[in-house]
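Below is one structure, written out as structure tokens, with a few remarks after it.
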Amino acid sequence: MWLHTSCDLEFDITVPTPFVLMLRPRSGAQQWVTREEYRLVPSVPMFEFTDYYGNLCQRLVAPPGAFTVSTAAEVMTADCVDQAPGASFVEVQDLPDTVLSYLLPSRYCESDRFHQMATSITAGQQLGYDQVAAIETWLHTTIRYETGMSDVPVSAVEVNARQSGICRDLSHLGIALCRSLSIPARMVVGYLYGLEPMDLHAWFEAFLAGRWYTFDATQAELKGGYVVIGYGRDAADVAVYNQFGPAVYPTTQKVRVQRIEKEIC
Amino acid sequence: MWLHTSCDLEFDITVPTPFVLMLRPRSGAQQWVTREEYRLVPSVPMFEFTDYYGNLCQRLVAPPGAFTVSTAAEVMTADCVDQAPGASFVEVQDLPDTVLSYLLPSRYCESDRFHQMATSITAGQQLGYDQVAAIETWLHTTIRYETGMSDVPVSAVEVNARQSGICRDLSHLGIALCRSLSIPARMVVGYLYGLEPMDLHAWFEAFLAGRWYTFDATQAELKGGYVVIGYGRDAADVAVYNQFGPAVYPTTQKVRVQRIEKEIC
Amino acid sequence: MWLHTSCDLEFDITVPTPFVLMLRPRSGAQQWVTREEYRLVPSVPMFEFTDYYGNLCQRLVAPPGAFTVSTAAEVMTADCVDQAPGASFVEVQDLPDTVLSYLLPSRYCESDRFHQMATSITAGQQLGYDQVAAIETWLHTTIRYETGMSDVPVSAVEVNARQSGICRDLSHLGIALCRSLSIPARMVVGYLYGLEPMDLHAWFEAFLAGRWYTFDATQAELKGGYVVIGYGRDAADVAVYNQFGPAVYPTTQKVRVQRIEKEIC
Amino acid sequence: MWLHTSCDLEFDITVPTPFVLMLRPRSGAQQWVTREEYRLVPSVPMFEFTDYYGNLCQRLVAPPGAFTVSTAAEVMTADCVDQAPGASFVEVQDLPDTVLSYLLPSRYCESDRFHQMATSITAGQQLGYDQVAAIETWLHTTIRYETGMSDVPVSAVEVNARQSGICRDLSHLGIALCRSLSIPARMVVGYLYGLEPMDLHAWFEAFLAGRWYTFDATQAELKGGYVVIGYGRDAADVAVYNQFGPAVYPTTQKVRVQRIEKEIC
């Protein structure tokens, strides 16, 4: 399906503040961006680089006063997400080199503390996709999903203690559980068509049978309409904005995802 | 200055033909892309990757029949190009690792055959920027600049034999001469505001005093308005389209570069 | 100085166990490896790759039974470590792209929780090197340094609660404090000549005035003789061995660092 | 089989001369280096980096006078080289991104000039491995193989004109022929056990059925005992030494490859 996505952030800046933004969906194996827009008001110099995970990141220094970042894109993405019950566990020795780092614990996914719990949640499951599906179901039915944004990311250990969390938090716990079973898992941030209430979204992917599969513990069933902005080990890697110096939060964050018809001529 | 650039390619395809395209200007240290469009008719799946040189490349298989690729962008680029007479030669041992490969001979820049000629052209010049400026001037006054497109790229040795060439050919000779003096040089393809007649353009950069500087032997004087699409060792690396199988040439290639006013509110 | 380093690990394996090892010092800007040895008993196929941070990593599957990994190297390293009191803080907008990820919180360095504490420890210091030196001194005088190895890595928050830790733990806290002040910091594992008792060692580096500087809160004063095995964001990235499946610890770990005279003929 | 390889180069340097060396075999999918030595006389600072192709490269400035580089390694390599008659051609659209650059023409492999000739040599062959085998046989029976070293690399076009060449030259022609058929091909330099007369060697690899296969037009039949030092597009990328400034050739180049028994205890 073709989607029009947009994210407008408005900040109230007091001192010149360096930002690293990650707001540009990239064309790749799973989506194709045909139109895109990136606007800063006021206009300031902006430099782009590619991080370790292949994400396009933008650097700038926001000047004091009102500062707005507006991005929009037209993206082609899958109508339904691939699912593969029974897809096999990949032995660690057979994983591609670049996937290995997604087995390690990271800031918000303390996978080194979850082996026992993951084993119990996935008891009786065939190794691989079915384990991750069991984790996803367990999260969906056990951890209360809250909408809205929390101020700071919360780690898997903390989410497990609270038994509730936003999309990002559920993903952290899902990722930690997967990794503790030697299943590579990574964080994804982006857009989801039809999300209620509309906002930026976070979900996770697990590497099974030679490729990455999408999981989302916040949804009753997996539908299509996902648009990826960034991949990483956890929320620390894929913040849509990182600012340095005194904390700054958007005064407004407006996210929209609309289905569009693309004329083919 | 703000520029609106566009390139429309139309092909007449007989058998399904794999393409690798390089038509997406990237935001970076020298330019900032704020709006962009990439349209295929008919629409086919397209995958993007980043090559060794940091260029965004698009892969697809063109179906038989008329096939059109339309790209456009709004880009902020410098009003005037940095020049630095006297800027110093960088000793090979002091070059960044990533710059070293731009010292080696490549397909169309047989730098291993030009040392004597380069030495003679740059006789009496201070090592560094002034040598490259002398090469640029020599090219401009000696090699006849032809507009239009040639079918196949021509190497530095061939250009030197012919004493004439299009922008790409002059760049090949310029690059070969620089490298033969141990000055790293690379090919750039992109747009140039005000080019007559308007078309895609090619020029070169040399690494001096710690950074890359722009040179263009086709212009009487360096002005601003350059928009980079890709960097590489020579034309083999930065073809805006590479197709595999039976040769295919665009039936139409329409390039436009217009100055625009960006409202800043 | 020239050093001969060696690390012998012996494991008692019960089921075939995949390992990722990081035990090969690499030649680079700070050290030069002239002789090197890497021996497995029994001999099994081993594959090497380079991770995100440039470390050489070795993958293998250890067979059941006694399994020994023996590595040794002759390395040239600096007689004394560069120090630069007064070296300046680098504004975030001026950091190289590749250094930015060392500003983010990571598994064992929860820098997002230490800003206030870091500000207090470095009160009155000039921004930059002197702040890190103050952190190093504070760690050295405040956190009790324990020798020996702990079973699992401990995070900065935990180290701060315990007020004691091994080299790795002190580094985690040092790194978290630096990052909370927007100073990029990374973990280093390797060898240190003269360490008492001899073992593998961990320390940290901070990025100041355009380059990385060495800091080591376990030593009363910085001397030379450091040999780097790996760099990373924290201990999760630079484990000398990661094994997957049932936990396995070395039954023996023998580390040696000796000064040698290299004949120069 | 286990091999002991060594290469000793002796230069007579007149002015301080920057070198980039490529003399360190790397452990990887096809070989495992267990012992290694790298000695410079006189000893000078040396810096190592990894190039685009994953090769370990060493940079130094050779001082005036006699200058010796001695390298040795113990390497495990395959007893016989994998061959796969019938292995399929990979459609360009299915090639991994990183393999695409091995389809392009390069300095010494002007593949853009060989399509017709390659088609004729491989007439009647099944697409894929059998085409490359036909090219290898054609080279072996048509182009006279000369031993020894030539001063400067010679390109495929030139080799084809001369109908003779050393190992490197035959590889250039083989690579150009493969690429002209849209089969990715790359240059390899290294050691070959049993080569007569013993010297550094060059051969090529082609990408078929999802992996790289070894081809060597200088040998009547493919045996094992290959040790890779470097991969690249052609000889320009994999020179075991590149020196900058006045041309310098080794006064002595001593290469040895011996079979060894590794004690496994």
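Letters A, B, C and D mark the chains as written, and numbering starts fresh at 1 in each.
As a convention for this text, a residue touches a chain if its C-beta (ideal position, glycine included) is under 8 Å from a C-beta of that chain, and two chains touch if they have at least 3 such contacts.
Everything quoted here is computed from the prediction, not taken from an experiment.
Taking only C-alpha atoms, you rotate chain A by 180 degrees to land it on chain D; that is to the nearest 5. At the interface between chain A and chain C, over half of the residue numbers appear on both sides, which makes the contact a same-residue one.
A straight line joining the Cα centres of chain A and chain D is 43 Å long. Chain B and chain D have Cα centroids lying 30 Å from one another.
Inter-chain spacing, taken between the CA centroids of chain C and chain D, is 36 Å. Annotation for chain C: residues 49 touch two or more other chains. Viewed as a contact network, the protein chains form a single closed ring in which every chain touches exactly two others. Which chains touch which is summed up as A-B, A-C, B-D, C-D. Per the touch definition, chain C reaches chain A in the complex via residues 18, 20, 49, 51-52, 57, 59-61, 91-93, 97, 100-101, 103-107, 109-110, 112, 152-153, 182, 236-237, 242, 244-245. The residues of chain C lying in touch with chain D in their complex are 26-29, 32-39, 41-43, 45-50, 54, 56, 58, 76, 262, 264-265.
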